[in-house]
């Protein structure tokens, strides 16, 4: 049964290989890759649903490379299943979109010949993500993890003729590799603690084949609470840094705003929607090895989450590249998820089961929801950028009239990510809020303080997010088109529209079926929070979500009624069309509209000390001003002020060593003599 | 049988020197490498067929491993060598970098030295006597010098001269060390310098002489292995030698020196100096990794960068041995992986050089467009050498790191990871700059013969990464037992 | 059952009386200015007039522009249905309905801003940007204030929170601070002085008004009525926080209506006594509100 | 007999000082060839007990290689390019001599304190050997001419060989192998390379041999 869950990834790989082999015949490989990816993902999705419904955890293990502590161990439990759903679901949707997206510009054959490799790595990415959540051995996990990073790197640099894409690739690779280094150490520490670090056993390589290899997750889990206690704090921090790099926790997020815009949209959707979530999965999985959480873990998560959320949304506000904006919103949403999980951990450590249940439920559900609306938004942004010929919102505008369906989809996504009722974003944020409020009303002051911080941060974030997405949608989809290309934009064909509508429907659906979503994930919550009766603690929230759904229905009904009423009232009365009220100005022009930058300026100005927006251009002056230009952009302050200097410095220091290799033979020989002398003095004297 | 392994290439070398016809000579080269590989395979299947000649010549587990690498590598390289000779056999060529004209070493001498190289390296792996071991290593220097000087111009000459002098001084140290080792033998004691003799009577050795000898041998053979700060000859030789030779130097020669160090270490640890030895080797390892990292970052020449990466990996091997325990196994396994990957990388570098006509990284752009197959292998090789799964180096580096973690010294873990990260950052930018981007050189045809070797070597390391065959695993563990606790 | 009837009745009364509050405010301002001022029921007349007019739509606009007013009004209606008056909770009240309460006004704002941007007018864009700016800051103030009350009331439903002892209870200070914060939010969300001037006539200085420049006829009527409801809802929240409770719903209702009258008068007084703040200083006011509610939360956390 | 041995050893030490102090290539070559001759004879006078045939053989080969062939090779090299003297060395000659004295002191100190590798070894052997080796090493570092470096390398080899003689009883084969093969390498490979160097750049100043480097130009 469990082995069957390897079938979809295998199929994915087969499809990818097929596409790769037939790269010479673009149409064939294109169709093969897309159809294969979609089919396999759908199969996997349905299989996962069945498995989850059927419930229970399974595991399977065969010895494999035991000398390096590996074993081929895979397993399925509520956690894996929960993450498999968005992976498969979004992969399928993105594959459909990609079929239309890549298919669009296969004008010259050299381009279309590269679709084969592109599909291969797309499938590899999906398959490796599946393997990441199925793996039950550190080596297997790391292998899958690295393949995931590598294939996504190839996809990010799909258009590697562009310097921008190459740079993004380098940033991404280095960041992810440093993160992986932390993970290596973390798993090895776990292994050492788990196996009691018996050197003899490890030397023999086949250490106790009976209870599995040294780096098996089962080993770690069995040592939870006992041997793990001394190292648990270190492991938690290591995992936070290692997985946080992938998830994009501030300040480790620097690669996201580079990589996501550079990638083709269906890839950015997949990466931002689910790939960064594997980081969250990793943190959760590691938590299951560590036994009872300590209070400061929760604190750390809440703090990290609050910072990531606020910084993320602020930087998003300052962007005018729509995909960069979305990338920063991924950072923000990861922050929200972390806050939820942090509240959950705090609830556990102060044994307040209700808080724990609500926190975990909110955080986990937000993982699913973010996958949906972020995928939706990236796909919508992709279509808009394709149609409008640019990712710069200030050169778009008025797209809603020419691409109505995409527009509706994007609007739904925007409302959902802003946490507006009654869409899926509101549901998960409501749960986190509830958890925080519950935490307040307990008598544990530290918990209450953390909860208060979370409430404040969440409120601020949702306000700013609303501002940011009114900007994103309003500037690029509403008003007058700012360029002729934007004016002549058209819908990009069914394959680019259907996925968007599917995801939009999903967002609304979860919004209205909130109660059922909560009861669906309550087993997982029970597993994570370690409270069997999680469902009972979530009961009031379910009730609340029911009324939320009613309220949503009421709003919809009332809106319908009022619209109808308006139609009735307007019957027989003059309803005319005219130009927008221009306050008496004679020649209004599309370029006079508010731009994204000007829309966000008040807020970005307020937080200028953090954003450090770079403004270039000269101001208008004189009675008859000459032409003036003004540009502003907000590069990531952390990569500019923190990482680049550090790396530059380290590089400079290290490359000082070049003077060793000065090319003078005599001194080379002197090195030998010196080395020998030093050794003799050090070791013998 | 062992004698056959050694003498076959030696005789072939003389033959190749005499033969006039290029085709016959190339055929001879190929066939000898094939036969040698076949014999070694047989040795792996059934070691009992290769009985020790004496206490001086025998194949033990360690030797078997390294002999396997050497022979396999030579087999792969000989194919590329033939394709290389086909390409290069022109008489007078002009230098791509400075434009002057130069000749190549006569093909006869080149092939002869190649075969001689194989023979001497086989001798290194099979010798059980420290004198003989020293002679063999000296021999490798002897025959490899003309190989480095294949392109007869001032740069290669300079590289050869540096190689000769630095390595010879190192070798001189090693000789002195060997004498010290002899001096450590109690008078009237074991009247021989065989490995077994020394190990069995290790307890009776004079520790002072042994320590001094160990250090001298470490520095001496370390020079040949390319441990910093004795590595200075390595980048010059590797960058100026033809790529097939660089592949052999990096993949086989450095390993032979490593084997020599392991031999002397096994004696030391048998004499209870295990900790003393490991500590010293560990320091060399870290220093090498650091120096290599420093010179890889911002390195303008991709062949030199590969050379420094070899220095780094020799450092990794040393660190593995220095840590001991699982580290020994990991070091041996990493030696295997490094040889496979680095050799294929050098061969690919040769292909790129022949297309772009420059060793400068800044001159190579968009290889993925101009030489797709080579470039794809190039990318894969880089990730392999940087220790990315699913290639073998991942497993070995992971295990070395694990040994570090289990040794409980956090400094070690931090420094090791930091250096690896630094090297990664340095190499990634090179990889991206060379492979990606819009190709300036238009798409060119890639000769199949020049792709066979790197492809198969990389495939092997891929296989090792996905699955470590049982026989190899067992052999490695047997070898670890020989290295000693 | 009875409960539901009562809540329904209360909702009905609110819907009917909402337009009265602006009348009160205007009357107070007029008296303070020594004028007779417009009739008390002016808002009703305006609405009646607007509903009987035709409309003009900008050619730039899309369906978003037409959706705005209806959806905004509907959201306000629903929010009002959450608001309890004393013992009897709102129609839809539940654990955590205060978040939905805030969320619905967020929805209303979202649509209003989009409708403004839909016209493509620079002025309306400006108004939208300012609205987004202020509301982003008002949101934490409101939620933290409610949080402190929830912390005191040990409950997450507005019904429970607002049926607390009010200012008479043991935690007068916290409640007062929270009330102050909510009052500031009330002023800024309803475009009142000192944040915004409802009867300014220069586009550049408007905030709320400028966003709805292009709406006319029925749509504008919806917008007006929606804003009255919003005024009523937030005012009701304020009253609920402050006023003392009796157990009886009728008495509570009476007290509530009285409270609304006071809110109207208070607003009128504020508008006639305080000058409008410079735009740049408004955020400081809102941040001050956030600080107040944070302090309130701190006070109610210390047990 | 020991008197002879001591005498030879003193001469060996003197040749080193000669090597250190002389600026002319020819005299360097002469010094090293003298060392070669000495090294050839020493075994004969140290160990009478060993089989004479082998002794003679070893003496002959070593003498021929180090004392005659290699110096001649070098002479030809020197003649082929009219570079009679070492152009400015890294370390001046007087300084070299001072350092030489220092090295002598060091090697006497350590050599006399080292545990005797074998009973029969004369007392002065180890210090002299060390001194020769160190001198060779120092000259390699201190001079620029490839020829002088090669000669110095040979001197270093001589030193090691001299040390080996102390062990010759225990490990005769080892010693012979070492010395012979090393001399062989020095003679042939280095000689050949130096010829190439001459052909390539018509001088033997190894400063020209420093184009391969990583320090930014």
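When the chains are written out, they are named A, B, C and D in that same order, and each has its own residue count from 1.
We adopt the following convention: contacts are C-beta pairs under 8 Å (C-beta built on N, C-alpha and C of every residue); 3 or more make two chains touch, one makes a residue touch a chain.
Nothing here was measured: the structure is a model prediction, and the numbers come from that model.
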| item | value |
| --- | --- |
| Steps in the shortest chain-to-chain touch route ending at subunit D and beginning at subunit C | 2 |
| Most centrally placed chain, judged by C-alpha centres | A |
| Remotest chain, subunit A as reference, centres from CA atoms | D |
| Subunit B-subunit D separation of Cα centroids, rounded to whole Å | 31 |
| Intercentroid distance (Cα basis), subunit D paired with subunit A, Å | 69 |
| Chain centre separation in whole Å, for subunit C relative to subunit B (CA means) | 78 |
| Distance between the centres, which are taken as Cα means, of subunit C and subunit A, whole angstrom | 36 |
| Where subunit B touches two or more other chains, by residue | 161-162, 165, 169, 208, 235, 295 |
| Per-residue multi-chain contacts in subunit C, two or more chains | none |
| Touching two or more other chains - residue numbers and ranges from subunit D | 137, 140, 149, 206, 209-212, 214 |
| Chains touching one another, given as label pairs in label order | A-B, A-C, A-D, B-D |
| Interface residues, subunit D side, partner subunit B - complex | 115, 117-119, 133, 137, 140, 146, 149, 153, 156-157, 160, 163-164, 166-167, 170-171, 173-175, 177-178, 181-182, 185-186, 188-190, 193, 196-197, 200-201, 206, 208-212, 214 |
| In the complex with subunit C, residue positions of subunit A that touch it | 397-398, 400-401, 411, 415, 418-421, 426, 429-430, 433-434, 437-438, 440-441, 443, 445, 448-449, 452, 455-456, 458-460, 462-464, 466-467, 470-471, 473-475, 478-480, 540-541, 543-544, 546-548, 550-551, 554-559, 561-563, 565-566, 569-570, 573-583, 588, 590, 592-594, 598-603, 606 |
| Footprint of subunit D on subunit B - complex, ascending | 130-131, 134-135, 138, 141-142, 145, 149, 152-155, 157-162, 164-165, 168-169, 171-172, 175-176, 178-179, 182-183, 185, 187, 191, 193, 206, 208-209, 235-236, 239-240, 295, 299, 304 |
| Contacting residues of subunit D [partner subunit A, same complex] | 90, 137, 140-144, 149, 206, 209-216 |
| Subunit B-facing residues of subunit A, complex | 64-65, 67-70, 139, 142-143, 146-147, 150, 157, 160-161, 166, 169-170, 173-174, 177-178, 181, 184-185, 188-189, 191-192, 197, 199, 202-203, 205, 647, 650-651, 654-658, 660-661, 665, 668-669, 671-672, 674-676, 679-680, 683-684 |
